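What follows is a pair of complexes built around subunit A, which joins subunit B in one and subunit C in the other.
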Partner chain A sequence: MTTNGQKRFSYAVLVLPAVLIYLTVVAFPTIFSIILSLTNYNGGRIFGNPDIGFVGISSYIWMLTEPAGNFYRALGNNMLIVGVSVFGQIPLGFILAYILTRKLIKRGRSFFQTMIFLPYVISPVIIGVLFNVFILSQHSVYMEIVKIFNPDAVFTISKTPIAPVLVVVLWMFTGFYMIVFMAHMQRIDPSIDEAARIDGAKESQVLRYIILPSMTSEIVTCAILAISGSLRTFDLIYAMTAGGPAGQTRVLSIFMYNAAFGGAPNYPLANAISTVMVLISVVLIIVTRQVGKLFKEKDA
Partner chain B sequence: MGEIRKNSAVLTIILKVLLYFILIFFTVMAIYPIIWLFIQSFKTNQDYMLSNKLAPPSTWFVGNYQFVWIQVKFYNFFINSVIYATITTVIVVLLSNMAGFAFAKFNYKITKLLHGLFIVGILLTLQSILIPLFLMINAAGLFNTRLGILIPYVGLGLPMGVYLATDFVRNIPDELIESARIDGASYLNIFRSIIFPMCAPVSVTLAIVSFTGTWNEFILMNLLTAGDTLKSVPAAVGRFAGNLGSNYGRLFVSLSISLIPILIFYFIFRKQITKGVAAGAVKG
Partner chain C sequence: MSKARIFALVIAAVMVFGLLSACGGNTGGTTSTTAATTAATTAATTAATTAATTAATTAATTAAPTTEAATEAPTEPAEEVVELRVLNYIDLSAPGAMETLDVVWKAFDEAHPNIKVTREDEYNEPFHNSVEAYAAAGTLPDVLFAWPSGRSTTLHTQKLLKDLSPLVERDGLAANYIPQATMPENQAGGYMAMLPQGNTATHMFIANLEVLEDAGLEPATTYSELVEQVPILREAGYETVIMPNQDTWVMQSCLFSMVVGRFCGAGWENRILSGEAKFTDPDFVAALDFIQQMYEDEVLLQSSIALGYGDGPGQFATNQGAYYIDGDWRVGMFITDNTTGEALISPDRQDNFKITVFPEIDLPGVKLNASNSAVLGTGWGINAELEDGSAKLEAAWELVKWLCGEEVQTHMVRNGGLPTPSWIGIDYASLGLEPLQVQMANFSNEYSTSTAVVDGVLQGPVYEPLNDGLQALGMGVQTPEEVAQVTQDAFEAWDAAQ
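On to the complex of A and B.
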């Protein structure tokens, strides 16, 4: 074998296992899902089935116009989760990261970091079941606390059932953003900070003129993480409320799952929802790249 | 002067107390529900229903643990989880390093396309491919088999793995590979004896991310298996929440013993886990 041939062969051997599995399990199904969303396929055989035909974008139109407005409610809940991230977890995570990275306290930094991040590593299903008992029942800790003030209180489903879900989302992911910010703050060149100190800069000035300006790209990254994270949210809500009552705590992924696998299947609708989720992801990828480029140019 | 210095010293102390207060508050919020769960798991169902939910048990009852572990055979789910997480992790680490080496050090035009495909996969969500995956696994006759779960797990672990490994191998100097080539080593030998061992740091990070991810996975496990024999711990928890929900003590035990392994794992590898999470998040 020639050297070139050998090189090409080695490349193929190294790359093919990963590429083949990835194409089969991720890339192909993505395209498959988009194609299915344009058909009336609703279970059973796919190939050689005379009842299957292309129906264009009618599933999308139905999704967007059906009178109950389920799609918009699910999308709205996704946006609420993004909102909790942007206005809750990201600022809180930033403050915690700042306190811990800047060594504003002497003792227990590693302890605090470990404990605050801990909820993130737990399986979301376990968290969902736990908080269902913790908040959402007559026999919950929440009711026990309510009863301290009003002994006759009886558990009722809240008028805004998404609120407890958002609290748990906040609980679970604040530590995640803390870790992301810490990783970035630790990369700030210590010599800049030292130079500023020698010039007599106060801690507040270091924060304002050194740390915050270097964090802008990071905050954009976190906002993107928040959106993709909200798209991924499934297990937690599935285990905590199953999307109920009456679909009020559904996010897109739960809406999709219920359409496909809950009761009477509606694959065209489910595939249309999936495609919307893919589209949002693709937009995010493009935005991420553009933002990356923008900040690289700025640095150069 | 003395007055001002005294004031600023007082201010510093107040600030310190405030900072500690913030951190302690967040720490308590983060771990209280978990500690509460472990304490309540020692109550009988009746004790839990009748007692104050914030109070510890009047007598510490271990019968729930016996029931869930022995009667419900919860250990089976642990064995399943260990099998899935270990096999997935080993394959993902190996394949990611192989592809990472090829993408980083072989200058073929197709690399850009292939590598780009994996990068796109990082932000794609599993839920958006659930239906086709379900149909394909069924069509392939792999529904309710270990293989039918492991193949998707590996595929879903690869984007992050390939991304991290390629990034790591890029920083390995080309001279190492060139001099080994001059000594007559084949590329595959170079991978086995030079690149793969040098990738140990990224492999550890990747292994931990992959292991915890697989250990916690729920939706595919729930969808692609029927019955109890193949289910992992989270899927079992999801399944028993309904059945055991009528018995709070037993429900709390099933949650508690599901938590213990991941907590131990976290306390041992917390540095690597946080590093892996940060590395994955800052891909940009």
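On to the complex of A and C.
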């Protein structure tokens, strides 16, 4: 028999390593990043450097007012990716999961399931490079095919070069949400469905009154994953376009990377961008949770 | 103490020990761990993770040469052994790179048994990330490769590299180098932070005579002639100019810097920096307008903006275009790799390629022609923390003198790694150079005036919007006036922040 004190001590000791890891690799860098965003640190030694001083929110002001408008363009691109993720990947993933789980197609379910999920297991860098080589250049496979029909065809760059990136984002991650939704749909008790059928419910009514209400939590969870994933997206776009051409596909993480490591480094600006990314992410996740709550209450 | 409490403490101790062990690693990884940890606290999470990964990766590559060097050193050196940490920049895919590792570094090891070099080889972004991470951690290597400005700005402006002027003067070396190599004003910090290995022409224009002959053409001598050749070349199935423009710096460095010099005249950068001129002045806008016109005339195809920097030489060498634009450093890509004996353009074909500068721009507003953009080349610097008079500083200086000396520069000229050496008096005739290298050795005869390179004289916050703008012109999403205005605004904002 152990006392409550001993239990608490044991719990505290057991969580200590996890807390240490969290403080070291998450909390400390985050707080330090915020602190650095308020300084004039611009390379060289961080600790013991007498030239480093606090300059307030000047990096944030620069970020929001710099003449080229890089922040707003990058934020806009991020919001487009968030939009495609939340209003594209999730609905599409849900529909595909519904079709496959409810056996609305008779043959090849495993094949379709595998093919839709496959892009998700490939490294984003490989996908980025492949799309670049296959589509985005004069000597791409795509252009070679086009030239069969029109030998004079010349590759041109779209005035909205973010569009191909959005297509790839949609194609790549939809399979993940489909698998998540399928897992949860398969857990719905079949007897509920059978009872509804006996009562004369149509397929659309089963979807509206049984499946959707039972999936609210999963949809909210997926939306949170989609938002946070969209805001931190880097590898796929960096490999595919490196933020170009002319910065038209630059997202916040690439803007931050360039500020820190491209040309003359501007660490306070890079840290200011990362802080804003965290804030935006938190706000969007809170909004998503509130919307999820509203739906839950309505269904209850 | 109860059994439960003892059990919990043992479990916790094991977990903490395991955590600490995981954070450790071998000796080779010590430096990178420090750098990575500091980098992680320096920049934002994603950027820091990249730096950490880079540093960790490079630690692994450091181990091999170190071991090799150690085993080859005499077992009983006459003097105390001085250890030097060196950060080397090398493109291992470039012709002769592997040979350079052997010839340059092995030779130094053999000649200096009392200096043990621990070398880390990096290239491109990982190199720059490592430098920034080391600088942040205060663990900069003793000797490192550096640019006179641009990507090495931190090293210069933060005075992280030692002033080499006293050492150059002490050893009477200045007379051995081209004058601009030892001029402090040519480096970003206003002092001689690195000893350059050469001078760099950031623009060269290569004409492919095989393609031109096939299309029944001669190399264009004016821009108008170049424009007239576009439809003829297209009809024959060739692009007019191949230029790998995907990275934004390429257009700025390899073409626009030369163009702005021709439209704005020599010394344009001084007039901008002093406030006497603006980016929105007609001559600068005319230079931007010329870039847009090149796209409109299809001298440059829009697809060049999607062509990766590594893909250009291959396309040109396989006769897909009549002309090629790049920096002079790229000639090394075409010649024979001494390691493999292979060449993108074999020596027997090289006479069919003519290296020159962009044709005369026969348009109103041009102030110069037969000019080129040039900047001090890359070289080697020494960590500023090495104490004056110390054995380590002397060893580091010995290494820098070797790396920037006649023997190494001669070797680099021979294998195509150095188009324009900073060492005076290299005997080209005795080197058995390939035809393209001979042309490169005489390249300075192709132009009469050198003008500034944009990213060599302006800071990142100013030239980065310009770099983007140059691509935007090609895409047709911005006008020359808009690009000029954004650049001017960026310059004024940067200037106000100084």
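By definition in this document, the second predicted complex is superposed on the first by the 251 of 300 C-alpha atoms of A that agree within 3 Å, B and C clash if a C-alpha of one lies under 4 Å from a C-alpha of the other, contacts with A are read in each partner's own complex, and residues count from 1 in each chain.
Here is the rule we go by: a residue touches a chain if its C-beta (ideal position, glycine included) is under 8 Å from a C-beta of that chain, and two chains touch if they have at least 3 such contacts.
In this text, all values refer to a predicted model and were calculated from it rather than measured experimentally.
After overlaying the two complexes on the shared chain, residue contacts for A:Ala74 are found with neither subunit B nor subunit C. Once the two complexes are laid over each other on the shared chain, residue contacts for A:Ile237 go to neither subunit B nor subunit C. Once the two complexes are overlaid on the shared chain, A:Phe261 sits against subunit B and subunit C alike. By the touch criterion defined above, A:Leu38 lies against neither subunit B nor subunit C after alignment on the C-alpha atoms of chain A. Within the superposed three-chain model, A:Leu118 lies in touch with subunit B and out of touch with subunit C [touch as defined at top]. In the superposition on chain A, A:Val13 makes contact with both subunit B and subunit C. After superposition on the shared chain, subunit A has more residues touched by B, the comparison being subunit B against subunit C. By the document's definition of touching, neither partner reaches A:Ile90: not subunit B, not subunit C. By the touch criterion stated above, A:Ile99 is placed in contact with subunit B alone, subunit C being left untouched.
By the touch criterion stated above, A:Ile285 is placed in contact with subunit B alone, subunit C being left untouched. In the superposition on chain A, subunit A positions 6, 10, 13-14, 17, 21, 25, 28-30, 32-33, 36, 46, 132, 139, 232, 234, 253, 256-257, 260-261, 267, 270-271, 274-275, 277 are in contact with subunit B in one complex as well as with subunit C in the other.
By the touch criterion given at the top, residues 6-8, 10-11, 13-15, 17-19, 21-30, 32-33, 36, 46, 92, 95-96, 99-100, 104-105, 108, 111-126, 129-134, 139-141, 143-145, 171, 174-176, 179-180, 182-184, 217-218, 221, 225, 228, 231-232, 234-235, 238-239, 252-253, 256-257, 260-261, 267, 270-271, 274-275, 277-278, 281-282, 284-285, 288, 291-292 of subunit A touch subunit B in their complex.
Taken in their complex, subunit B has these residues touching subunit A: 15-16, 19-20, 22-24, 26-27, 29-31, 33-34, 36-37, 48-49, 52-54, 95-96, 98-99, 101-103, 106, 108, 114, 117-121, 123-136, 139, 151-152, 154-156, 158-159, 162, 186-188, 191, 212, 215-216, 218-219, 223, 233-235, 237-238, 241, 248, 251-252, 255, 258-259, 262-263, 266-267, 270, 273-275, 277-279, 281-282, 284.
Subunit C meets subunit A in the complex at residues 2, 4-5, 7-9, 11-12, 15-16, 19, 38, 40-48, 50-51, 125, 128-129, 132, 135-138, 150-151, 153-154, 157-158, 160, 234, 239, 246-248, 301-303, 305-308, 311, 315, 320, 455, 459-461, 463-465, 468-469, 471-472, 474-478, 486, 489-490, 493, 497. By the touch rule above, subunit A contacts subunit C in their complex via residues 2, 6, 9-10, 13-14, 16-17, 20-21, 25, 28-30, 32-33, 36, 42-48, 62, 66-68, 70, 132, 136-139, 152, 154-157, 159, 161, 232, 234, 242, 244-248, 253, 256-258, 260-267, 270-271, 273-275, 277.
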